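Consider the two complexes below, in which subunit A is the common component and subunit B and subunit C are the respective partners.
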Partner chain A sequence: MKLKHRIYKLIDISGLQLFDPVARLFFREEPQVQIKRITQFIVIPILAFGLFLLVWQIMAPRHTTKSGEVPKPGRVLDAAKGIWTFHNREKEKSIAFIASSDEANKILDNAKNRLEEIESSLIPAQDETIANLEILEQEWRDKNISPKIKKAANIEYEINSKQNSLKTELEELAGSIKANDKNAKEELVLRLEKLELQKSKWKIELAELKGTISILESKKYPLLERAQRKKDRLEEEKQYLSVYIGILTKNRNSKVEELNKKLVDYSNSFYAAESTKVMSSAKRLVRQKTRIEKTSESQYSAAKTLPYQTLRSLLCVFTGFIIATIFAIPLGILCGLNKTFMCAFTPFIAIFKPVSPIVWLPIGLIVVGGFIPDPENNALLSIINKLPIFSSFDVNPAFLASAITVALCSLWPTLVNTALGVSSIDVDHLNVARVLNLRFRERLISVIIPSALPLIFAGLRISIGVGWMVLIAAELLASSEGIGKFVWDMFNNGSSDSFAQMFVVVFLVGGIGLLLDRIMIVFQRLVSFDETAPSV
Partner chain B sequence: MSFLSISDVSVSFGVEDKKVEILNNINLDVAENEFVAIIGFSGSGKSTLISLLAGLQLPSYGEVALEGKPIVQPSPELGIMFQNYSLLPWLSVFENIELAVKKVFPSLTSIQRKTHIGKYIEMVNLTPAIDKKPSELSGGMRQRASLARTLSMEPKILLLDEPLSALDALTRSSIQDEILNIWEKEKRTVVMITNDVDEAVLMADRIVPLTIGPNASFGNDFNIPLKRPRNRTSLNSSPEYKKLKKEITKFMLNMNSENIKLNKKSISLPAVFEKSINEIGQEALIA
Partner chain C sequence: MKKNIINKKYKFGLKILSAIALFIIADQPGFSQELDLEKEELKFGFIKLTDCAPIVIAKEKGFFEDEGLQVEVVAQPNWKTLLDNVINGDLDGAHMLSGQPIAATIGFGTKAHIITAFTMDLNGNGITVANSIWDQMKENDPELDKDKPKHPITADSLKPIVQEKLDEGEKLQMGMVFPVSTHNYELRYWLASAGIHPGMYTKTDIGGRTDAEVELSVTPPPMMPATLEAGNIQGYCVGEPWNQQAVAKNIGVPVTTNYDIWKNNPEKVFGVTKEWADENPNTHLAVIKALIRAGQWLDATKKKGIFRRGLDLVNRKEAARILSQPNYVGADYEVIKNSMTGFFYFQKSDKREMPDFNVFYRYYCTYPWYSDGIWFLTQMRRWGQITEAKPAEWYHKTAKEVYRPDIYLKAAKILLDEGKIDKSDIPWGTDGYKPATSEFIDGIPYNGKNPLSYLKSHKIGHKF
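Then we have the complex of A and B:
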């Protein structure tokens, strides 16, 4: 009995009210009501999403762009998997780079076996499949595509020949007209005008036909396409494995070992050196020592994968959000407490609130650039880069400018909500403070802030949503590493897969936004003292 | 010199031609440990009056003084208990009272404070709900918590602003009994605002009617010479109690009809007939 209610409460507080009916159904509490709620809040949304996927699946192939077909849901899922595989491979590579020789040898065998397998059996087998499918494709093309192309080409030819024959006909007619035959001349002009009209119509028709033909020609046999993609993936893996094996055989430890061997030689020759060569061999020895030191600290420079970019974006949004909160809450409290201050501050809120991140960002970049002229040797940046979480993300001026942009855009909802929360405190609560003769600080801490807290958190929730939305645009513009940069790279890259990867980003950004919102709802629930739940 | 005195007090809002007089030249003296009930129709300026006594509002003319010192600002000595509880909703019952006790008795050690708070929570029979938040309490329990908070400050004077008007009849009578019990145990000066004649007669030593506002002033007071401790059931059959109730009700009704004659704003009242206790008992049984 107690456990049951604890579970309900947990579901309520964790912001997962969606699963409340499931839990209640599990405990057999009014099953019919719960089933109705499950249908309403779980089954119907899932169905709606399914319908969306279906429409997508049907509509996508009908729209061909310069970057290829609009990817179907399956392609997007494949792209997501690809991104993840790439991320894992980069991780493997960086592990391989720092592995000890024993470990390296152990993994090396596996990698070599896999490479062998791919080279000798998987790729040839796939080539065979493709060859077979190409025959099938030819048949399919002959049966389904070629007749259509032929038909379209025929129509094209007919139109062209008709146009030509009419032209020659009129030319002949013109040649036969006598100089004083006014009627015939007028007749000719009329027919010429008609022909021009007809020509413009044909032009449109021909353009359409050309479009149809090119679409038909670019149509691929689905099975062949899939087989080719599979082969591409195998090729990719092959390439990865050869690089991986390269790293394993010549990783940090082996490099250091080699250098150490040389060091022994150098020191031997140093001690054996005659006075004329002492200085130069001593220098060589010292240089070798520093080289060893540097090598033993070196890391594999992994490519910036989407998971890495996502974490960096999250760090950036939190940095901006915290900067915004530090300013917004005290200012909001001041505005709420003091009418004069509120009046003084209103114009700033009114003017700066609607300013787009696109405007703040260049300003931020210039200001940050002004303060940090030399990012390599900047005291502030080196301090930030030594902080626990920041250290693995290489904070640069673009990161700071993006964070400041986020702060400037997400400041306002918190500020306005805090001011509202503070200024709309229940008069009764203030009377309590008056009766108790609470001093300003006591009143602030024990009455005003707790009373405004639910609204403050409502503001924070809006702020983080705004911040997340703004950040992607800011990163894209600042080309600060992060999700925005990833999208921009994909846009410029323009390979057939990059379109699908952009779709992956859409779902990723949406999912993270949802998650952030949920987290803020949980906080809001924890601080709100009235029974009414905040709107979902 | 009386303990609490209201002398020549007027309260008005607005300026010159739009001036609205709420209270007009009122005078009242309350002796120490006296229980005074101020009774009036709604809109007659009762809440303004209690705000004056609590120091939450200042009179336009005249002076309100406690022990000869004018009241100019609220203080824990003037223990007001608000009509709508005014408990801080994010604090538990204990914490609500603790906030007051910490401020009023800063020298108490944490153990002393705990016993102090516990005593007053016990006094209003709220010990089982000590750690509950106001939103988890019923109206009656909230009002008890509010009472405990006010009492815990050990004010010189207890100001009750229609404390029971938001409660249902049963809860109301039980809290009336509680307040009465507490008052009889720990004598203290009480000024209670109410619109309920029964409540006033049952609890007060003296009843002061407030005429219908605007421009309200005090009518003649009624002394209630009923013996204490008073008991609701035995009083109900006492002829003296009945007579007093009848007199005051009649006075209040007359005041309304005078108002009609004077073409002032009147308040329409439902037709009221006196019922015998037996009749009421029968009705209760049927219900």
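Then we have the complex of A and C:
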């Protein structure tokens, strides 16, 4: 087979048919057709996305709430960078904690210089910029905002004074009515009713005016806002650097060195000790040794950051997905093979399938809590935590409960599809198996499963999509360290960056969902007999 | 009965042990290096509120590390999950509401023996009402209709609004953060002091709405402003930065702070399970040491002992900067800075100095007072969370089961010997009861030694 065909095949199997026309164009195969396909499948989606960004950029600032503006794409990118910086800083701190003294000294100088630079030149410079911008801001406010506020305030004043004058007018009128003037009295009541009606209308109007005024007042001068954000970033870096330098000067190695020095003292005094003090100084010596051992293994407890949380979420979704598959496929095969079993099982599928993850999670927590009453010394948990990949992700009951929730929500598509796949096997195939006098096991392995595989994998593909969608909610509720917890934490922060961080998560979750889907497509294509398996 | 004896024996043993420990400490300077830690890697939980500061500062300023501890500090979604995680061992300890260890120990809600040897802060809460309610309050009391109305603002001007709603067949809805939170008791206290009934808890009504004129419901702190804006509640009582957030976003007006309701009231504590404390006595000591130092750092002034206003607190800006990191409180620095540096916006036009809005070290703040525990117990009884009348001894006994000044004093003694704190910082000779005080919004005096007569002195709620 020629290279070119190999490449085509690779593209086809890897689920990247998108690039098929590019490859074909590269080998000059029907260029016109390929260009048309490229426009259709690559250029148009890119243009559509560009259009989306444009609309977003224009629309975002128009939608302001009291909690803040909808962030523009640039702001979201900033937030993503912020998350990444935070991640890197935590990583740097962990590295600093375990660095050898030579390495520590080397980075220490850099860090100190940077801190010096920030403190003595960058922050003062930024302060100056801000001071200048504040003057400009005042001008901008006088020109653009204050007239509008004044206008609104004037209307407010007018309404209020109208209301007051009407009130006093009526009061005067009431004072002038004679006791027996029935008509005038009725007239007064009518006017009073009218005034009340008018008042309630004014009230709404006034509330609206107040709203506009407060929005106007909270409008910020974009340049000044940007400068202040820049200063905030510098202050944050300064804060980080001072902690970082603290860790570097007092890290694991220096602690161990200090402890070792003491150890020498202790052992000297132990060998010189009188018999009455031998035991106590021996104890001290031993204790010091264990302390050195413990210290030399200690790690900096860095904050959990989004990259870590994403990986843990992925692990969680796969754990749940595998649990779901282990149950769904055998049950599905049984359902497909046996009508009675299918009838018995249908109500369960019908009832449990639509149940939301939010309901499953507390149940999952109770189940897990029942099996693992004491997470610190639990055999199952410690076994799981020794497995190769799991060991670096601190599996706890919340993780297991989230995984079980994922399993409970995502097993249904696989189950139903497996049942469908098994029950729709070509009768001829089964007849052949019967003629060959195959036993059940052979029939299962060589006839039933292979012919049901394409549908099983179609089910699995839906399952993993559902699982990924469900996981975020589960993690959020269980506060299991993952993307869900990140979302909840950032939302709870209620800072001016919170909205933008939510948007970052949207793209992250979407991107990973897309990736998972693509992977499942590849599997699906690998097991399909026909070449027309779905590719979109 | 048997349990009691064991408890007494245990306590006696503990006293001897602590005496021995103190003797050894006194003998050996620099004992801190010798604390034989049972566990070095710890995980503490907190809720995103500025009063989690001692834990965060102890980590960021390296006070935990000085004790040889590596501590991970993890945000928790709500108070219930936080408590559950402490009980099931996922967390070693946590930032807790003062009422939580007590309620858990007596079995209101989840039952578990939680103890505390460290009070994290004083004051720090506010009561915020929606703009529309504030407008009506101003109509009811023209004195309030100023840029800077006179404080404290009582709920008297709220009463007609409540009555009007009741006449319409509705009840005013207000939010608080947890059934046993200080906020719940403070809000109830404020309402009841103006004759508004906030509702009773009964055996069957665990929502606490029986006979209520104003209905209180639980909302997690960070959700408060959004819930107020949505109109589901018309007011709330919560810690910072969620009152300042309401001002910043123009959705509500803080009418009073708990400093006015009860001057220098205890707010959060550091709680661990008794089991954990028994298994890790030295680690517990090390943690308390680090927390005391964090409190000291937070309340440090330029010149020792000189304190006039919030700006004298030299470390608060840095603290606000640290707290605004996304993994801690995460709100904007500007918002956190207000209350942390001793300022509070009641309205945009009404910025006031409140140097004691957050107290982390002064006024013997960090000491775990029995009398604080007893006040919470009286409130739990007053509102029916404790369903049966109890004798006075029960109050004292329960408070002593939860509040553990013995551990606190041991840690403080070590710090004193290391020269890290002043002798005058710690109330060494106290019996654990604060002097009687009547610095409440309604002036009713409280003496921790006499809980039953305190219960009797209130108009609304159980009297015995």
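Following the convention adopted for this analysis, the second predicted complex is superposed on the first by the 530 of 536 C-alpha atoms of A that agree within 3 Å, B and C clash if a C-alpha of one lies under 4 Å from a C-alpha of the other, contacts with A are read in each partner's own complex, and residues count from 1 in each chain.
Just so we're on the same page, a residue touches a chain if its C-beta (ideal position, glycine included) is under 8 Å from a C-beta of that chain, and two chains touch if they have at least 3 such contacts.
Model, not experiment: these values are computed from the prediction.
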item: Contacts of A:Phe86 with subunit B and subunit C, given as first, second, both or neither; value: second
item: Partner chain in contact with A:Ser479 - subunit B first, subunit C second, else both or neither; value: second
item: Which superposed partner A:Ser218 touches (first subunit B, second subunit C, both, neither); value: second
item: Subunit B versus subunit C as contact partner of A:Phe270, first or second or both or neither; value: neither
item: A:Glu376 touches, of subunit B and subunit C: first, second, both or neither?; value: second
item: Partner chain in contact with A:Phe390 - subunit B first, subunit C second, else both or neither; value: neither
item: First (subunit B), second (subunit C), both or neither touched by A:Gln239; value: second
item: Touched subunit A residues, subunit B compared with subunit C; value: C
item: Interfacial residue positions of subunit A with respect to subunit C in the complex; value: 66-67, 86, 214, 217-218, 232, 235-236, 239, 243, 246-247, 250, 262, 287, 291, 294-295, 298-301, 303-304, 369, 373-376, 396-398, 476-477, 479, 481, 485, 488-497, 501
item: Contact footprint of subunit A on subunit C as seen in their complex; value: 33, 36, 40-41, 43, 48, 60-62, 65, 68, 70-77, 81, 85, 88-90, 220, 222-223, 225-226, 229, 241-242, 245, 249-251, 318, 321-322, 324-327, 329-333, 348
item: Residue numbers on subunit B that touch subunit A, as the complex places them; value: 54, 56, 73-76, 78-80, 82, 84-86, 88-91, 99-100, 103-104, 133, 135, 153
item: Touching residues (chain side subunit A, partner subunit B) in the complex; value: 428-429, 431-432, 434-438, 442, 446-447, 450-451, 453, 527, 529-531
